[in-house]
Amino acid sequence: MDISNCEDPTSALNPFKATTIQSGHTVLLRLPSGETKGFKVEKDATVSIGRVGSFRANELIGHPYGLTYEIRGKELAVQSPRTLQEVEETDATNELINDGEFVQPLTLGEIEGLKKSGVHASDIIKAQIEQHANYSMKTEYSKEKYKQRKEAKYSKTFSTVEPTIYNVCDHWFKKDQNRIRDIRPDTLSQILNLANVRPGGRYIAVDEASGLLVSAILERLGGEGRLISICDVDSPPAYPVMTLMNFRKDIVTNIHSSLNWATAQEDYTPAVAQESSSEVGKSERHRIRLDKRKNAADTLLNAREELFAGEYDALLIASDYDPLEILQNLIVYVGGSGSIVIQSPFSQPLTELQSKLRLDPSYLAPSITESWLRRYQVLPGRTHPTMNTSGSGGFLLHAIKVYDDPNASKVSSHRQSKRRKKEADEGYSSVSQTLESHETTEPEEEDAAVADQISLTNEVEPAG
Amino acid sequence: MDISNCEDPTSALNPFKATTIQSGHTVLLRLPSGETKGFKVEKDATVSIGRVGSFRANELIGHPYGLTYEIRGKELAVQSPRTLQEVEETDATNELINDGEFVQPLTLGEIEGLKKSGVHASDIIKAQIEQHANYSMKTEYSKEKYKQRKEAKYSKTFSTVEPTIYNVCDHWFKKDQNRIRDIRPDTLSQILNLANVRPGGRYIAVDEASGLLVSAILERLGGEGRLISICDVDSPPAYPVMTLMNFRKDIVTNIHSSLNWATAQEDYTPAVAQESSSEVGKSERHRIRLDKRKNAADTLLNAREELFAGEYDALLIASDYDPLEILQNLIVYVGGSGSIVIQSPFSQPLTELQSKLRLDPSYLAPSITESWLRRYQVLPGRTHPTMNTSGSGGFLLHAIKVYDDPNASKVSSHRQSKRRKKEADEGYSSVSQTLESHETTEPEEEDAAVADQISLTNEVEPAG
Amino acid sequence: MWSNARDVAAGDLVIIWQTRELIQPLLITPGKDLNSRFGYYRHADLVGIPYGSKVGSRNGKGFIHVLRPTPELWTMALPHRTQILYLADIAFITSWLDIKRGSSVIEAGTGSGSFSHSVARTIGSVGHLWSYEFHEARANKAREEFSLHGMADIITLTHRNVCKDGFTVEDTVDAVFLDLPAPWDAIEHAKKALKKASPTRICCFSPCMEQVLRTVSALNDSGFTDITMFETLLRPHEVHQLSLQPLTQAVEKLKKLEQKREDKRQHQIARTSKRKRDDLPETDTDNVGGKRLRTQESAEEDVSIRDIPDAVVDPGQSANQPSPIKTSVSKVSPDVRGHTSYLTFARLVPTAPSTIRD
Amino acid sequence: MWSNARDVAAGDLVIIWQTRELIQPLLITPGKDLNSRFGYYRHADLVGIPYGSKVGSRNGKGFIHVLRPTPELWTMALPHRTQILYLADIAFITSWLDIKRGSSVIEAGTGSGSFSHSVARTIGSVGHLWSYEFHEARANKAREEFSLHGMADIITLTHRNVCKDGFTVEDTVDAVFLDLPAPWDAIEHAKKALKKASPTRICCFSPCMEQVLRTVSALNDSGFTDITMFETLLRPHEVHQLSLQPLTQAVEKLKKLEQKREDKRQHQIARTSKRKRDDLPETDTDNVGGKRLRTQESAEEDVSIRDIPDAVVDPGQSANQPSPIKTSVSKVSPDVRGHTSYLTFARLVPTAPSTIRD
């Protein structure tokens, strides 16, 4: 099977990622259950996907992503894409079907027999349906549901899933959202846009989300730009999320450097940089080792220099460490007007951080947002939100790094003391904040605006 | 105008509330803007509703709630209820309309002139539309929007709104949600059901939500049952929410008593109860005063006795005071298997409370829920969620009061120590909790169940 | 309805709470036993104890809580004959429809009776619920249940296809609730059943948007007004204990870790020099220094500082560094149900022209 | 696109942030002035300062922040010619459509250019955006803007009704975004414009459900697969400082308040007895004791303990009672936008039968 044996697997415009499946890729497959799983595709090896079957990896190599296959023996047959099937409404209802009667009409043994004899999945389903006493009495909707459930169980088809950052994030979120700190695809997309991530940009990231943030930034850079990530382990960690992205390694090495929290300290001299005189002029082997060490040292020292040079476009944080401490360490390297985006699975740490940042004139308009996403089933006649796309997708704090001018902030604080009194009476004070608030509310312009300027310059906040 | 001069204004089955508008009622009116406002309806008085006009109150008295009226002079004309108008789709688009051209075609002076000359609102709108150069080029949707905006501005119609607890809560939520602690109609309905409020039941309430909780409980009791509310003011406060309910006062007095946090203490002797011998046998006037004082004292002492007798069906709390302290004061009066429902505009106080209550074997399954509500516009061809029904509707903590038996809780804690270690590694621990969780998740039965029992008996919680 | 007494009596229906996932109704029948994986209990032992009691099993395998039934607990415990309504929808519908003491209500279909129990509780003994179920076996089951729960006087259950045959009452009820696949077929019937002289309300419960659109149109055609639609959900929160890691500690640990490796490397160099003199083969561990800055591939060998207990890095210092304070925080549980049904509401206002002067 | 230099230069487009509600674009033109209610500024004074600077006004009336434009700031500052797209939708659509460096993209219509700017930023100089607008004046405005913002090479803007006349490219783009009143009329055209040999994607942006249903059906008819629909929102949180009131203090205050009243009453009685002897008329204040337990009506006279500063109740004690600790807490802002549009997505997979063996 050779759809297009494209020898140059990369797009002309963006050489960072292959547009077809290559040997060595880890490929996400969507199984009949709807679940996605990652499988390594190595030339001449066999890919085994459990109950669904197994096939030779070469069958996939060179193919574009996104096709659907049926396993026939060890061969793959590309399937036509399925369209939605119109479900005819009928007069049948479930009125005459007694509960509990709608049972499996074929025994497990019978089904195994049919499967072993090579009967096609759709035939097994048909057989089951025929034997189902009440099938014709059920409504068309119930029938469709029943058919789909059976299909998921006996189908030998799968699809390849293109490793877009959306698909990879979605896969991880469903698989283990804790490991990516609840960063749902919508949240991730907001992080990238709020941080203005673009080809050619320069970014600092603190990623304890299994490399999701690093992967997403690298994807958006597309081979052009710079990313320094700061980790809390001795050497840069192997990011499990990145494995699925199938980036070209040489390009990643060019645009991505890693420091840890010690080597990111300006006043710290890493041991690797301490030249020891006793180590020169030994054996050939020793000299190779020293060269290696020298290279490593150079890489590290370059990354340090690069970080300390500052003027980064944005700082992106998804970390268990105190975000205020992280900012105290890194804010100095963010350029004026650069974005700070901090993600957390809980609102509380960001709430506390926000109430500190708004006292600091280096942060403009720190605001907290929660992302909200809802997916719908759009089958004909049966459109409704899916039953399980709620839950938490994490919280973001966004602020803009600015340069304060203490002389510029002399604004009358008459209003302020009045407000403070009112808040004290009510037992709490509040500040409403959002990147988009300006067009959802229509405040009394003058008042709101003046109050807003006051709130930017001192510790008092306007009532929400 | 006399639709039905029903002399017995109360329903035969529920004499607690009149089913028609009575003199002395405070009636919610829905104005053309969609806003609701409360107006006092007193026999022979004039009701003035601002720009919309004014009319004699007698015109409303005796009418059922929910009708729509047009003000014609000082008279009211009942309008037929409006149905949705099908909007025909046309080929017109906004393609050829230049932005900024879609302006007011009549000057303000012209409009005032028309209004003063008694021209009907719909005619003003028609005149405006006719003069609007681009009207016919706009899409039908834009036209409809434009027409509605104009109607809201010039219409002289209003509707009466039945004082159901839903409508009253909705009115207050839109008017000032802070004063009712963000209790949205959906949240309120959950409070009432979770607390099993029913005719004949006995309840304790702490209501700092302007009387919304007290009103809702009284409404559900319907004149049968008992409510003791605890307030933090010297005498029972005048609840602004209750004003709109138009309850029969005599029935309220029968079923509702009030104590404050001092008089609700068993070890406290209220001053009013201290009989002073120097006060007996004075003048007539003095004796009347003493009788009054005696009655007040009796009422207070009865309410205290009633509270201290305990065995209440539920405790409902919406308060700024530390909820743990409130529980420590009142939990003893809740009967076994009774509900505790605590509302808060923020999740944080309930989160902290929950993590304490689950260590206390007197509380079964303390769980926190957030209510979620979305309203839709359902105009033909234009169905979508309304743009502004999101936001916060408050949080609830619900638990069941139980009687512990320390001897019954001997369960192996092997699993527990393993879990504790895992949580320590991850830096946090979690517990999933909800009244409904059993049917949204399908845990590995045995494990989840055992873990759950463990979590009920000691300080360790199962992973969420 | 159910017992209001303080203590459990023989013949009471109680709710047995074993875990959040295992909540069951039980009719107290002295002589019978209750067996579960949380132990063995005799019904007789439960008679006379107060509702809300924790009870240990006779064989020490666990415990149960004996609760007083409420419609909310019943919803969690009831035998499912159909998809059922849950708290958020039941509560909201009850409130919008203004169901309260003395209300007359229609529901169709009865289903598993989750909504019926809640309505019966709320309207009390002076109210009445007419409940219709088109599925005969389910109707019989529900009738039995209502009778067992002492609600036979409050609920009249009829086995009937209301879309075809309409309701059994006219000009009688304050509110109608339709949980039917094709509610539009029952709307004209509902209009007849609703009281003519006072404002009344209807709710249609439909999972799909297409049903809503058709329902809205039918309601409009039948003269219902204020048609509106809602969705409501209950989002359970899970509570976590959170502590922010102090970064300064991480920095110190990393520095020490690096120093340790550097020391080890120097030691290795010294050993290698010695070995070289003895002409011994180089060992693998000799390469540690060079490997340190290789990326990705070597990750398994890297030590996360969070994997290292304080004691390993610096046994003396951990005592001085207080462990960070934990805060209770919460977030929406990941497995929240994201949709139940659309709730379409409308009102019917009294408009008999004979009574209204215009 | 916009300047990447550290400092502001003449001719730069900058964003002037005055307040959250007042964010404006400004083309730095030395010689010109900026006047607002937050003061008076000379453009010339802004030249040479670093981006991100706070600048005080010349007349001391306020200050501004001078920011570097980003598509996100532009969305907050742009002149509205139409309803525009905001962050949450733009970001999600970009991600689902896999728009990245080098992507070829179609959008229709251009509208106010909010989405266009974001796409241009994301695809970079090696990507391309074909943008279509059926409204001529808007198209011209947008073309000027794109040119002024240095995006003329990245964006090709065409004034055209794509529903009638289709797109200007074939077999060319990776993704299509349709923000049209009747997207179904453009779907067949979109299919022609999408690349044939690789997987491609489409998104239709429609505020109403009826549009979605029709779009889904058209996508299905045209052979698009994996049709799905989303809604996404950004829910801003507001931060409050919260402290729980200690109940014990309230109890003590109420007790003292009552004692005070009782003392006053006793004093009144004594006075009345004396007055009676002198036969003086009784005063109103005499009634205080008796009024105390009247409910509701007397509320205005009741003193809430929260209205009383500590000093009034007990001047000595307030210092001993530490005021409760405030915690920063947050909740969703009440004025959140609850809906923007439904986002209908679908994929088109390469299926040319000649290349696929089956």
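Each chain carries a letter (A, B, C and D) given by its place in the written order, and its residues are counted from 1.
Everything that follows uses one rule, which is that a residue touches a chain if its C-beta (ideal position, glycine included) is under 8 Å from a C-beta of that chain, and two chains touch if they have at least 3 such contacts.
What you are looking at is a predicted structure, and each value in this text was computed from that prediction instead of being measured.
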Pair sharing more residue contacts (C-beta pairs) when A-C is set against A-D: A-D
Label of the chain whose CA centroid is most distant from the centroid of chain C: D
Distance between the centres, which are taken as Cα means, of chain B and chain A, whole angstrom: 40
Length of the line joining the C-alpha centres of chain A and chain C, rounded to whole Å: 28
Mean-CA-position distance for chain D and chain A (Å): 22
Chain C and chain D, separation of their C-alpha mean positions in angstrom: 32
Overlap residues in chain D, where contacts from two or more other chains coincide: 209-210, 213, 231, 233, 235, 240, 242, 245, 306, 329-330, 332-337, 342
Junction residues of chain B, two or more chains touched: 320, 347-348, 374-375, 383, 388, 427, 440
Touching residues on chain D, where the partner in the complex is chain A: 6, 17-23, 37-38, 50-57, 60, 62-63, 65-68, 70-72, 76, 86-88, 90-92, 94-96, 98, 100-104, 118, 121-127, 197-199, 209, 212-213, 216-217, 220, 223, 225, 227-243, 245, 306, 326, 328-330, 332-337, 342, 344, 347, 349-351, 355-358
Touching residues on chain C, where the partner in the complex is chain D: 209-210, 213
Of all residues in chain B, those that touch chain D in their complex: 93-96, 98-99, 139, 177, 182, 232-239, 253, 258, 260-263, 265, 268, 270-272, 274, 276, 278-279, 282-283, 285-286, 289, 292-293, 296-297, 299-300, 320-323, 325-326, 329, 345-349, 374-375, 381-392
Of all residues in chain A, those that touch chain D in their complex: 1-4, 11, 13-14, 16, 19, 64-68, 77-78, 80-84, 162, 164-166, 185-186, 188-190, 192-194, 196, 198-200, 219-224, 311, 335-339, 347-348, 350-352, 354-355, 361, 364-365, 367-376, 378, 380, 383, 395, 400-405, 407-411, 427-438, 440-441, 443, 445-446, 448-450, 452-453, 456-457, 461, 464
Chain C - residues contacting chain A, complex: 81-82, 134-135, 137-138, 161, 181, 207-210, 231, 233, 235, 240, 242, 244-248, 250-251, 254-255, 257-259, 261-262, 266, 269, 272-273, 276, 282, 287, 289-290, 292-300, 302-306, 327, 329-339, 342
